[in-house]
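Structures given as structure tokens follow.
After this come two complexes, each holding chain A, first together with chain B and then together with chain C.
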Partner chain A sequence: MKAVALTILLAVSGIPILAGVGITLVEAADPAAWSTLLHFPGIGRSVALSVWTGAAGTVLALVLAHLTVALAGTSTWARRVEALALPVIALPHLALGIGLALLLSPSGLLLRALSPWATGLHRPPDWLLVQDPLGLSLVLGLAVKEAPFLILMLVGARAQVPVTRLMLQSRSLGYGRLKAWWVSVAPLLQRQIRLPLAAAIVFGVTNVEMAIPLGPVSPPPFAVVLWQWFTTSRLELRGAAFAGSILLVVVAIGTLAVAMSALRLARRVHSHYAASGRRGRSSTSIARTLAILPGLVLALASGAVAALVCRGLSPMWRFPAVLPEAIDASLIERSAPSLGAALGTTLALGGITVVLAVGLSLWVAESLSRDSLWRRRVGVVLFAPLLLPQMAFLFGFQWLVVRLGIDGTWWAVGWEHALFALPYAWGIVAGARSALDSRLVVTARTLGAGLLRAWWAVVVPLLSRSVLLAGAIAFSVSVALYLPTLFAGAGRVATVATEAASAASSGNLRVAAVHGAAQAIAPLIALGVAMLTGQSLFRNRQGVPR
Partner chain B sequence: MQSFRSHWLLLLLSIGACGISDAQAATPSQDAWQEVERNARGTTVYFNAWAGDEAINRYIAWAEREVSRRYGVTLVHVKVADIAEAVTRVLAERAAGRTSQGSIDLLWINGENFSALRRAGLLYGPWADQVPNAQLIDTKGNPTTIVDFTVATEGYELAWGSARFTMFYDSATVGEPPRTPATLLGWIRGHQGRFTYPRPPDFLGTSFIKQLLLVLMPDPSRLASPVGPDFEAVTRPLWDWLDAAHPGMWRRGRLFPASGPAQRELLAVGEVDWALAFNPLEALRAISNHELPATVRATTFAGGALANSHFLAIPFNARSRDGALVVANFLLSPEAQAYKADGAIWGDPTVLNLDALAPADRRRFSPAAGIPILPSEHLLTEPDASWSAALVQAWLGRYGVQ
Partner chain C sequence: MTALRLKDVSVSLNGQMMFAPLTLSAEPGVVTSVIGPSGAGKSSLLAHLAGALPEELCAHGEVRLGEQRLDDLPPEERRLGILFQDDLLFPHLSVAGNLAFGMHRRSEGRSDRRRAIAEALESVGLAGFEARDPATLSGGQRSRVALLRVLLSEPRALLLDEPFGRLDTETRADTRRWVFDEVRRRCLPTVLVTHDQDDVTAAAGPVVKLQPGVKA
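And then the complex of A and B:
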């Protein structure tokens, strides 16, 4: 069973990865391509920008996430954190990026709210706030987007950590709530989220969706440079683009290595803090002050959505009006039929992705439940699509589906979506499965249950929370995918993501805002379903990890 | 359109004229075309076209309904954010050895994308002079319909619409617009942060620097032939102008909008007073849709406006070639062209020779359709295609890293 499961998983994930890597290596084998790449003006600055913004954004997000979970874990609003984090995760990157730009730029919602009564401004000032040369606005955007993801991962990891016992022990030793959490629970949680954290760092370094609306342009981050080369008609840059993809992988891995050693250093500092003997009993007042920070993330995300809505509703939004002068819903009405069809396709594809990604993960995780070596190997393979720059990878995948003659079909698109959802689904499901007490299954078997029954009656209910979470994330990954959908679908499978991106490309933020809102709604529906299902499931299951 | 026909004679550059007579190939026989129409019935044509403008999408949706009703052809608008995505797809298909049954039947294309695909042998043709309505195209009055950025089309793409470089400004703040490089420079210096242009290699941004160079050079005829070692000397006036103007521009020339529509957005919220476009009627339509203030007007450089056309092409491996031919022919019909030229629909100027049309067809074109709202009817053709890449490269070298 193990061999069969592994073969299928590798066929689904490994073959496209091989095709992607193979095509990239073949195309990049030209020395002229490397010469073009390395002599391109500003390429060093671009690479440095990618590393700096990706690393800084992720570090900021990690600090925010730990802080949020610690504050939530030591107070009564634990459950609310998750409910607030999920909508931000579901928000597509491009929509959030554009929304933040509409919020923070000189003509943005924030300054409008203060003008002219406080600032005296009647025209937007000529300030370089968004897309600043240092990439600070991009760092902020990445932090806002990644913090909720890491929060969710930390919350999920709590199931594997005996939080109550650890807190009781530390508290009985006289530690204040917050310090007790920091010292006993947080390090164990951190150990559980290493893979998601690596994914966040790689995303930070290689993303284009947030870097386009928020990142600097002279020069842009390296991933944006590559994206420009892949989408230019100057075919002589294609070789350099593939060579650049290899460089980007190297840069991403380098950043990961540096981040991991930085984490080791942080652990040493942390153990000093833990062993200092101070009980930190006064930490509640600090906690109250720190609680502003997670609130700020949420405020920025909601402000971005508000700015998107304002822009989507009005044809013209002159500074300094806070609300649109005239609300015109005709655009939404006109877009309704095509949006409806695209939304249907999106929901169906999301469903297929969830079944494929979560189903496969469950199956393989079960057969590898006692084989940590293979579990790690599978994790690395599944992780590859997130590590490779999308454009380079997609060209190989495109070659593959054209070879198989299935391009432009739902099969191809579903396959590709599963490919991008699998690393997340696997990370959650396999982690949870391996953390289950193996004696539970043994007990069920000694009571006479067959393999299947023991799995269905014992393992699945215990994993139900993780499965729901993995399903919700797989769904939102599927909804957010733009380039993969476009390529595998030969442009014929229209989802809200492809509709939103083609609108955003025009720079017509109003149309983009309408489509972006639709893109945010789809995963919210799925999340709602998952949460309601979860609630009804857990009603009679006290003690199931949640 | 008629109003400026005589001015075409004033074209500063008439390169590529050698290809013109060849392109007027013999007209196809009635039977052969009926055969094409018969074969096309029941086929599906995937039309890959930029989908960034709602008005254009609505026009294509109208064409989808019409060709289905008239010819039984199912036209599908494959919406792309950048036509280079489609170019990439054709490349991937060739790499995978698919020489027929390709996923794209018809492409909306021009300029560098055309010359790249043509050079790589990825286009089907020649076909453009063989569809019946191609005879109606004003190739004499408007040479840009058969010479795309100085590359002769040679029947590998069919002119669909024409365009000329236009600048929009808010007359409430600008007043009488500057129309020469010198006066524009003075205006920019006097109005800190109120002018900008899209960042090359964006299509419009690149066009802006080409347009500037054309009006800055004492004798632009040099641009008709390929780039040579004299590049620095020839383009000197352009860099001097930009060096002087950038500090007075939006964000002091350290940031540029990503595209033409992105800059229009800046004009709409009030960050800048200017926007650029290739369609003189775009501002009119934006005003009537309440997307721009009613005080916005259009202007061009007194030295002339850069002009070009946009085209339809068929990839070498298209699945429904006959269907694509029928659709292309329909899009060139007087009815479809007149509907497209209507300012309330799309406002894209026609490529047809109105004088050659039957009176009934000519009447379809409302009087306003052919009349540009521009003060200048003096048109400049595109420099040789090699200048675009060289100018972008030099621009990025100078201003791309700050």
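And then the complex of A and C:
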């Protein structure tokens, strides 16, 4: 039973990646393709842009995350940080990117709110605020999106670190609260999140979801160039696109290697600083000032959603009015007639993904409930799709589904979505399952419950909150996926993600906003429903795990 | 009730016996104590008797209840009650839900079951506790509910895995006396594993010491 469960899980996740990478390698073994790639005008600048924006965005996110967790850890709002980070995590990159573009552009919500009373502007200025050639708006977007993810990982890592004892120890040595956290707890937390941090760096360097609405256009970041080549009708660029995928992997690994040695250096410097013995002043006022930064992240994310909704709902929105003059839902239909169908497909795919990812995770977690070694191994294998640039295996996966005769079907897309949702669903469900006292199940069995009843009547209720959360996250992942949907769906499966991306890339921000708003709101609703249901279940039972 | 008999029973990990093969007969109404230092395999022995040995451990010997061989039965068909150091009440069920979990669904109807639960609770001074959240009970109250849950499931023998270790001194003596009284009253063959000398004294039954194992 364990072997069957493991095989199925690893096949779902492993086969597409192995096949994908294999095909990419075969297709890229063509000198002409490499020559086209390397002589393409602007390619060097594209690669440099990818490295710079991905690295800078992630570093900024990491600093923000540590700051937030330090501030939260030294005050009473630790629990709330998690609740505030989750909605931003559930927000798709693409929707957040489009929203930020609508918030920060010269005619965006931010300048409207400041005009004309503060800026004196009566019409949108021609400043290059988003899609700037240096990629600063892309860096900001990545930081806003990745910081909450790293925050959640750091909060999760607290369970592995004796936070309370370390803090007591350092504070009794005379350190202020913030300084104590910074010298004793933060380095240990950092060590726990290396894998998610690596995933964030790789995503930052190789993503198109945020680079399409926020990144520079001529030349665009390297991943966007490859995406253009993969989707163009000019077949002579196909080979170069495969060669480029390999180059992208190399670039990502290189960035990762540099980042990891930079972190090692930072740790050295940090331990010198910690060993200096300086205690620092009372840090309450500093803490209060620094608390603005996490607030700013949240404000930018909420502003982006507000801008999406305003722009999506109204045809008439003259500068510098903060709110649209007229809100007309019937116009949505006229400007984005495909919204209903795309939304239907999105929800159905989300449902399939939840069932596949959460169902498989529950099953395998049950059969590995007493096997921590294999649980860890499965976690590493399932994490692989997050560490590899999507571009490197998606086209190969498309080749595989064509051979299986399921290309362009919901089966193919659902499989692909499950692949990306599994690492999250597995992390939540398997973690909760292994935290469950195995003697509870033994007790149920000796009280006369068979295998199935013990699972259904004891394990499932106690995991229900984790299952709900895993479901909401799996759903959000599915709604957010753009490239995997495009490739596995062979361009024939239209979701709000594919519609929003194609509208954004052709510069039609209004249509992009309609689909982007739907894409942003669907995961938020799923998350809200999961959290409310989780709270109302077992409301009068304090012992049920959160 | 018939005796629980162990013949040359041991548990091994990677070919290494955790304790020397054990032969004993736990007679009805008598608490047989199995003692040994921590790490001697006491809990593994009970897990084996209950049918819940972790996969990586391997069991040897024979376990019988009367004439029935137990080793190859799944835990739910052995009908042995087990009590751990922690009460392990199901946190998502009320007190009554916990008690009903192990009750057999034979002919008696819902109202009979409810009456049986009420009577059981009353007999331990917890009348009216049916709807309570287990998390709101005191340690002593919880361990009483845990034992009631086992007894209502009508076990054929009782396994006690240091069940009084987590209780404070005062509650411990009371709970212990009450558990042992129930064992005698119901004539249950009982195996107690412990390293607490007071438990052994109060059990007032045969004492078996686990001897270190040898290479299998």
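In this section, the second predicted complex is superposed on the first by the 364 of 546 C-alpha atoms of A that agree within 3 Å, B and C clash if a C-alpha of one lies under 4 Å from a C-alpha of the other, contacts with A are read in each partner's own complex, and residues count from 1 in each chain.
Here is the rule we use: a contact is a pair of C-beta atoms (placed from the backbone, for glycine too) under 8 Å apart; a residue touches a chain by one contact, two chains touch by 3 or more.
Everything quoted here is computed from the prediction, not taken from an experiment.
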First, second, both or neither for A:439, with chain B first and chain C second: second
Partner chain(s) touched by A:218 [first = chain B, second = chain C, both, neither]: first
Touched partner set for A:34, first chain B, second chain C, both or neither: neither
Per-residue contact with chain A, leading partner among chain C and chain B: B
Touching partner for A:503 - first (chain B), second (chain C), both, neither: first
Which of chain B and chain C A:124 touches, first, second, both or neither: first
Where chain A meets both chain C and chain B, residue numbers: none
Touch list for chain C against partner chain A, complex: 47, 50-52, 54-55, 74-76, 78-82, 84, 86, 88-93, 101-102, 104, 133-136, 149-150, 153, 155
Residues of chain A defined as touching chain B within the complex: 23, 41-42, 45, 106-107, 123-124, 126, 128, 131, 133, 212, 217-219, 228, 230-235, 238, 315-319, 326, 328, 331, 334, 395, 398-400, 402-403, 407-408, 486-487, 490-492, 494, 498-499, 501-511
Complex contact set, residues of chain B against chain A: 46, 48, 50-54, 58, 76, 78-89, 91-93, 95-98, 103-104, 112-113, 116-117, 119-120, 192-193, 199, 201, 250-252, 254-266, 268-271, 289-293, 389, 396-397, 399-402
Contact footprint of chain C on chain A as seen in their complex: 370-371, 437, 439-440, 442-451, 454, 457-458, 461-462, 538, 540-545
